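Mind looking over this structure? Questions follow.
In order of appearance the chains are A, B, C and D, and numbering begins at 1 in each one.
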Amino acid sequence: MTTKKLLIQGGTVVSDSDVAPYDIVIEGDHIAAHGLRGDFDPTSFDEVFDATGLLVLPGLVDPHVHFDAPFMGSKTVHDFHTGTASAAYGGITTVISFSTQPKGDSLLRNLEEHEQKANGQAYVDWSIHGILLDSSEQTLTEIPKLVEAGVPTYKCFTTYRHSDRLMDDDSMLQVLKTTAESGGMLMVHCENDAILEYRLQRELAQGNTSWIYHARSRPNSAENVAIQRVIDLMKEERAPVYIVHASTAESVRIIQKAQSEGDPIHCETCTHYLILTEDLLNTELGHLFICSPPLRTQRDIDALWRASRVGPIEVVSSDDAGLPSADRTRLGEGRFDKVPNGMPGVEPRLTMLYTEGVRKNRISLPRLVSLSASNPARLFGLFPQKGSLSPGSDADIVLFDPNIEWTMSAKTIHMNTDFCPFEGIDVFGKPKTVLCRGEVVIRDYELVGSPGHGRRVFRKLDSSFID
Amino acid sequence: MTTKKLLIQGGTVVSDSDVAPYDIVIEGDHIAAHGLRGDFDPTSFDEVFDATGLLVLPGLVDPHVHFDAPFMGSKTVHDFHTGTASAAYGGITTVISFSTQPKGDSLLRNLEEHEQKANGQAYVDWSIHGILLDSSEQTLTEIPKLVEAGVPTYKCFTTYRHSDRLMDDDSMLQVLKTTAESGGMLMVHCENDAILEYRLQRELAQGNTSWIYHARSRPNSAENVAIQRVIDLMKEERAPVYIVHASTAESVRIIQKAQSEGDPIHCETCTHYLILTEDLLNTELGHLFICSPPLRTQRDIDALWRASRVGPIEVVSSDDAGLPSADRTRLGEGRFDKVPNGMPGVEPRLTMLYTEGVRKNRISLPRLVSLSASNPARLFGLFPQKGSLSPGSDADIVLFDPNIEWTMSAKTIHMNTDFCPFEGIDVFGKPKTVLCRGEVVIRDYELVGSPGHGRRVFRKLDSSFID
Amino acid sequence: MTTKKLLIQGGTVVSDSDVAPYDIVIEGDHIAAHGLRGDFDPTSFDEVFDATGLLVLPGLVDPHVHFDAPFMGSKTVHDFHTGTASAAYGGITTVISFSTQPKGDSLLRNLEEHEQKANGQAYVDWSIHGILLDSSEQTLTEIPKLVEAGVPTYKCFTTYRHSDRLMDDDSMLQVLKTTAESGGMLMVHCENDAILEYRLQRELAQGNTSWIYHARSRPNSAENVAIQRVIDLMKEERAPVYIVHASTAESVRIIQKAQSEGDPIHCETCTHYLILTEDLLNTELGHLFICSPPLRTQRDIDALWRASRVGPIEVVSSDDAGLPSADRTRLGEGRFDKVPNGMPGVEPRLTMLYTEGVRKNRISLPRLVSLSASNPARLFGLFPQKGSLSPGSDADIVLFDPNIEWTMSAKTIHMNTDFCPFEGIDVFGKPKTVLCRGEVVIRDYELVGSPGHGRRVFRKLDSSFID
Amino acid sequence: MTTKKLLIQGGTVVSDSDVAPYDIVIEGDHIAAHGLRGDFDPTSFDEVFDATGLLVLPGLVDPHVHFDAPFMGSKTVHDFHTGTASAAYGGITTVISFSTQPKGDSLLRNLEEHEQKANGQAYVDWSIHGILLDSSEQTLTEIPKLVEAGVPTYKCFTTYRHSDRLMDDDSMLQVLKTTAESGGMLMVHCENDAILEYRLQRELAQGNTSWIYHARSRPNSAENVAIQRVIDLMKEERAPVYIVHASTAESVRIIQKAQSEGDPIHCETCTHYLILTEDLLNTELGHLFICSPPLRTQRDIDALWRASRVGPIEVVSSDDAGLPSADRTRLGEGRFDKVPNGMPGVEPRLTMLYTEGVRKNRISLPRLVSLSASNPARLFGLFPQKGSLSPGSDADIVLFDPNIEWTMSAKTIHMNTDFCPFEGIDVFGKPKTVLCRGEVVIRDYELVGSPGHGRRVFRKLDSSFID
């Protein structure tokens, strides 16, 4: 059997450092060559994609989704089947989902179970992160095994005492030490739990239960303080750290200061923190916008865009964690503290970044590629297999039509939910064609891939990107 | 006549964001295609370069040299002929030299004269920067014309009152305004002249004339203060600024702070500030190491390497400004303040950065390419024509042999001087082959190019890299 | 002839560190003893002042007034006669006025002439500061003589190029050196002249001439930058520096940072910067509120009060520099840049600080005494002769009635002008009795002193307060 | 019976803002009057103290001693009898000791028991601070009662988990809230317990047990981080906080930054942190120098002196917590982690501050009085009864002979221990006469007071000094 050869012709290729007009040759599952427009003879290819007027991007990497995850008495709307379908519609060819085990259970066994859930379901490639609930001997012993098994990143929480997920300073020091020894990277959800709990009880005592008090009881300071504490501990036991969903204007200054002192610290923000404000919590459907950290203010949004442009933000993820609207309403009981947290977002990410970022001149096209594809690939051990259009890289490619104008809505997208956080926003651009390892997943804006195509990707961190 | 086709095969290609094994096709003067090793049939090419075991880099850009420049009663050792020859030996395929006009003379006329000097002399491509000596109406009128003529960058000095080159605050505000309006970028030599003059007179009054007092009379604070002042003024009239030869540990913190506040400020350091210390001024031949700003201390070196790795340093230039040793000895008269300033360095730059940076694990290979090729191309309006290996870019390519070990010395290199600042240092790596627009300039470590091949490059700034 | 003995009985004594009920004995011109209420037998005194219900303060020191000073074609409203009368009404028993000499004239001769102007005119004690217009050899030679003559403080300007008063960096370094050697202290008016000039020309070019453009053309940044520059130079040549009329929120942070690094830097603000905003320039009589630096915003006011409470502001002066309203209107010609700058304020200072500071809980009573009496006495070489109620100090005492309520107005006070910057503000408190060296100057709220009583005070700096 | 009248004549009186020659009249237990030298007729007094050549200071306040306190299996060397005797020898007329209750016991009952211990034992006046071990309902309820009972200050620990004294973030937020409501002030021992524990276990695991590892396992960062955390929480629930024994160069910068942002935060350092370095732990008797935080380096000492001169250090206490040397040797078992912590120091404090501070020109005499008498009186609710020489204040007075030269040693002082931390240092100055409430306690350098004279002082905070 011969290898299939494809040609992408006439497009404008966007890498994380360049925008240039050239053609791309795909052989089988990988990119084989680049050439000037017209260099390659179309007749010698099995299929030619006309990319005239389109942007040719590396397939996006979304390093922060929650698929098939039970949460606060509900369950996330996306499993690997529906989630990777939506991801493909959104130009994403690799997702990394979090794998939450029951307290005390083995990280490794959980990994296996997760693999079974994903098996035969995924339209695009995937991996998972571990989640650390403690620093028990079992946990510390399993971390190097996780790393060896291709899962070199895992998250812990500085909050959520009530669901027994809080990692205290003692444990974090142990985990940082093990991380440094194992070649892994620790991801941290940063909100100071004592401040949250103190505020929560105060608001409840005063009968403040409406949605907006979710934001009032989780102030910027709680996030800022928690990030500073992680840095304090990391200065004691130096290991790579990745701050998930930085959402405040101050957070990025704190992280930048640490970076400038040589600390191996990285951070992401999420699409919604760049676009939506806490004012949405003042509406009747405010409970659907509850997430943690909460939506912030325009001042924070401005600071996060700047940090996305010049650093220290290296990644914009979706933190896709939608929950059925009916569950949120029912379980919430009209009280902000009872609503299961989290919003869906895996599909709108590229279009929203293009519309709000590139079209509004806040980031350049190469920076969009850095934030959504190359940097997550580099930081999570996927580069240059993913996040790159160099010869030899996987043929994960998005042909993005930048000029199509449409309205973002739960009705116009394909996520498995009736709620879209960006409902009603007029947007630009949509993926026309998406290839994952040389196979067409989206063709003419529609899903044509097969659910068994996506495979787990083995990840291995590259210290030159992380340290 | 058919276009010549070349193949570079078997090498390891280093871009500013990637290290990967692939082959490169050249057609005529430009890069035509990339492909996986073995994809292209060698027999269909006019010439095949075996790059096995070699690093394939974009041709380096040195944005800071002084060729054919009269200075303090002497004249720089390199003209466009000898300078571009040395540059080629050092893997550099584009140089940008400073064009100093007599006070009151026209910037544009000076540009023409410079062009005549370079005509038929250059082995590699070149451009020039203007130099602003005042903010006269003539100067302000000519700036937009310079920009239109492809010279969108020009330098001013915060010092050198005695040679009438000092630009005061009033003038700088005018120049910044004109720069913002013209789409140019202002380069600034930052040392506070009042502090320098005060220290100079104090040392002289005390009879302190030995070489080391050059450094004592130009303290870190003089540079730091001057940089802060430029930033203060730029906050008044926002325009792109490029700080030349940042040399102190504090300077990079000051610049980073401004960047983090959104100021369009950029900076370079030079090879010698990353490697040599002021202790050399305590030797008998100390006068040959006199440059401004002066060599600093190990503490500064450490800070500059870190800043080269994580920012804000974006470029490492050579500031090649060698002067005949005999002139320096004669004119210096044993007094630090009479020695003409400046050191040669265009040729050793790549090897020194590779030896001291990459081999000592201070910067990665892609970062070496950023600092020496891609970033100077981007910041000075040459990208992606220069500093890039993408299809369509000029075929400026270095095949660098990383494993060859040798000793840096005036005798082992080709600069037009008996003095090498890095004399006696054991180094790794040397350019084996250098192509400039598809023509071989260095072959098997030796100069084979022709002095008329180098052309002036028209430069146009790209605001997405600068603002 | 026997020495007169006075008793101040029943009052609440406020020092800069304490508020306590005790009685004070005066013998001749000095304070002789303190005692508990009732300790001293009233019948053995020549006069007994019933201070029941009154606050007993050390006589205030106003270290920043401009008496008998020609300015921009006009002349200040107060000479030593009318100025010290108003001062006495305002509880001030020592003023320090600026002595401006014609350019090139001798500092010492100017001092003599000034002494003649004051002779036989002053109701309260006085001294002067020198003004340095250059760093000529004459100036540098005279500085130590000024210090020896009891005038150890002198001011320079970083602005006012058009009236030839600008001191550049070179000169300031010379002056700082001479100051360090002479035991003096340099006062600096900080506004960056290049920024001012640039803004001025821009506003004028756009036809913006109304009063508010005075503030627009002298932004916070101009002051902040100028203060930072003085600090930069002082780090080169360490000498005591006193920043006059700090008016911006940022200025106090810059100064505090320098203090915390051990720099001998001090600062004052003025009454009007603590109370009035630039909004007043938007009114028809806005030209009467023109001063330099200009009035700022509420944000600045808030920061200045905090800095007055916890530092680094050590002094609140009046900068009394009123000019006849008619002159301001006439010379101003409806253009902000032609209006002679400066406002009167020597009399309202104590009452305004008490009303806006103490009654609004922004500063404590001891802090009011520090800011207006003890600290200026300490910093300007008058302590403990002035600014103190200790035995041995001059019997300069204010019996301040804190409960009297009245309306501040040109009609209710005694300054030699029809303009009061605080017109119409309802205030608390007024000096009932003021003694200067044991002699009653104000009795029952009315001037009863004699114009020949005030004497020049010899000043000598005490390094323990300054360094 | 008539009230006894005393005269202190001919001395140099030092207050916290002044140094001046005057005489002081004492009537009964309080200061009645001040007068110029010679104003009062010696023949009308019951006793006249000739203070010629002596400094007259307010009696010192030591706000941090541990008398009669069990600790780590031993007990502090000083009880109220021996401790107040040593204090008197050291010029201290008021001590505040910590009252440690067993976990779960009542703060109030403990206060009573403490009062009984002190009854009839004290030579000078005294008070106590509470200690908070938790934020139980009992504790929170008792705090306002403590404040009402004249004990408005109480300490908690961020460390010492093994002795069950660690206060976590949740508890501290509760305690801060109650403190704000009650008008109290929270004192905090700041060392981050997780870092300490982590380092401790690491050193022990490596067999590092010699004395110096006490310092190695309690790094500057542990203290700095803990202080920052207290500030973080205090920004959530604003209440006055007093950081005990700040010992690092960084700590004072962190505290100063918080102060400059308006936080009501205060701090002390202790005599030994200003004089001794950790090098002493490298000696055979190093275990006797073990205290927490540990002794630091010369760099820290330099920073602490500067902060004592210009802020933010407001107080220098002794933290007198000596333990019998035999116990330290025996219980320590040659392992740093087993040695009971703490050093004696109540007596040497004044002489050491005078010798190392005033004589070495690091602080002025008035600043010595601020740091050791006036400020502790102000901050702990004793002012102006204590810490002041104003009429009406308690007649607590030290006649300090500044010129006597002697050698500090356990043999030359009177503490109840064979160990003096400052052994062998040549010093200047010694209290010649000490009065407490008008009664002579030290006369001609010897103890003549009676152990029942000292009384508990009721304390009430004055918000104008604290907020």
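Keep in mind that, in the parts below, contacts are C-beta pairs under 8 Å (C-beta built on N, C-alpha and C of every residue); 3 or more make two chains touch, one makes a residue touch a chain.
Just so we're clear, the structure is a prediction, and the values are computed from it rather than from any experiment.
Student: I need the common contact partners of chain B and chain C, sorted by label.
Tutor: For chain B paired with chain C, there are no chains in contact with each.
Student: Using the contact definition given at the top, which chains are in touch with both chain A and chain D?
Tutor: none
Student: Quick check: how many Å separate the C-alpha centres of chain A and chain B?
Tutor: Whole-Å distance between the two chain centres: 39.
Student: List the centre-to-centre spacing of chain A and chain C in whole Å, with centres computed as mean CA coordinates.
Tutor: The mean C-alpha positions of chain A and chain C differ by 60 Å.
Student: Touching at least two other chains at once: which residues of chain B meet that condition?
Tutor: Residues of chain B never touch two or more of the other chains.
Student: When you draw the chains as points and link the ones that touch, which shape shows up: line, ring, star, complete, or other?
Tutor: ring
Student: Across the complex, what residues on chain C touch chain B?
Tutor: Listed in rising order, the residues of chain C that touch chain B are 168-170, 172-174, 192-195, 197-199, 221, 225, 228-229, 232-233, 235-237.
Student: Can you list the residues on chain C that touch chain D in the complex?
Tutor: Residue positions touching the partner: 15-18, 20-23, 25, 27, 30, 32-36, 39-40, 253, 256, 259-260, 262, 306, 310-311, 364, 366, 374, 383-384, 388, 390-392, 464.
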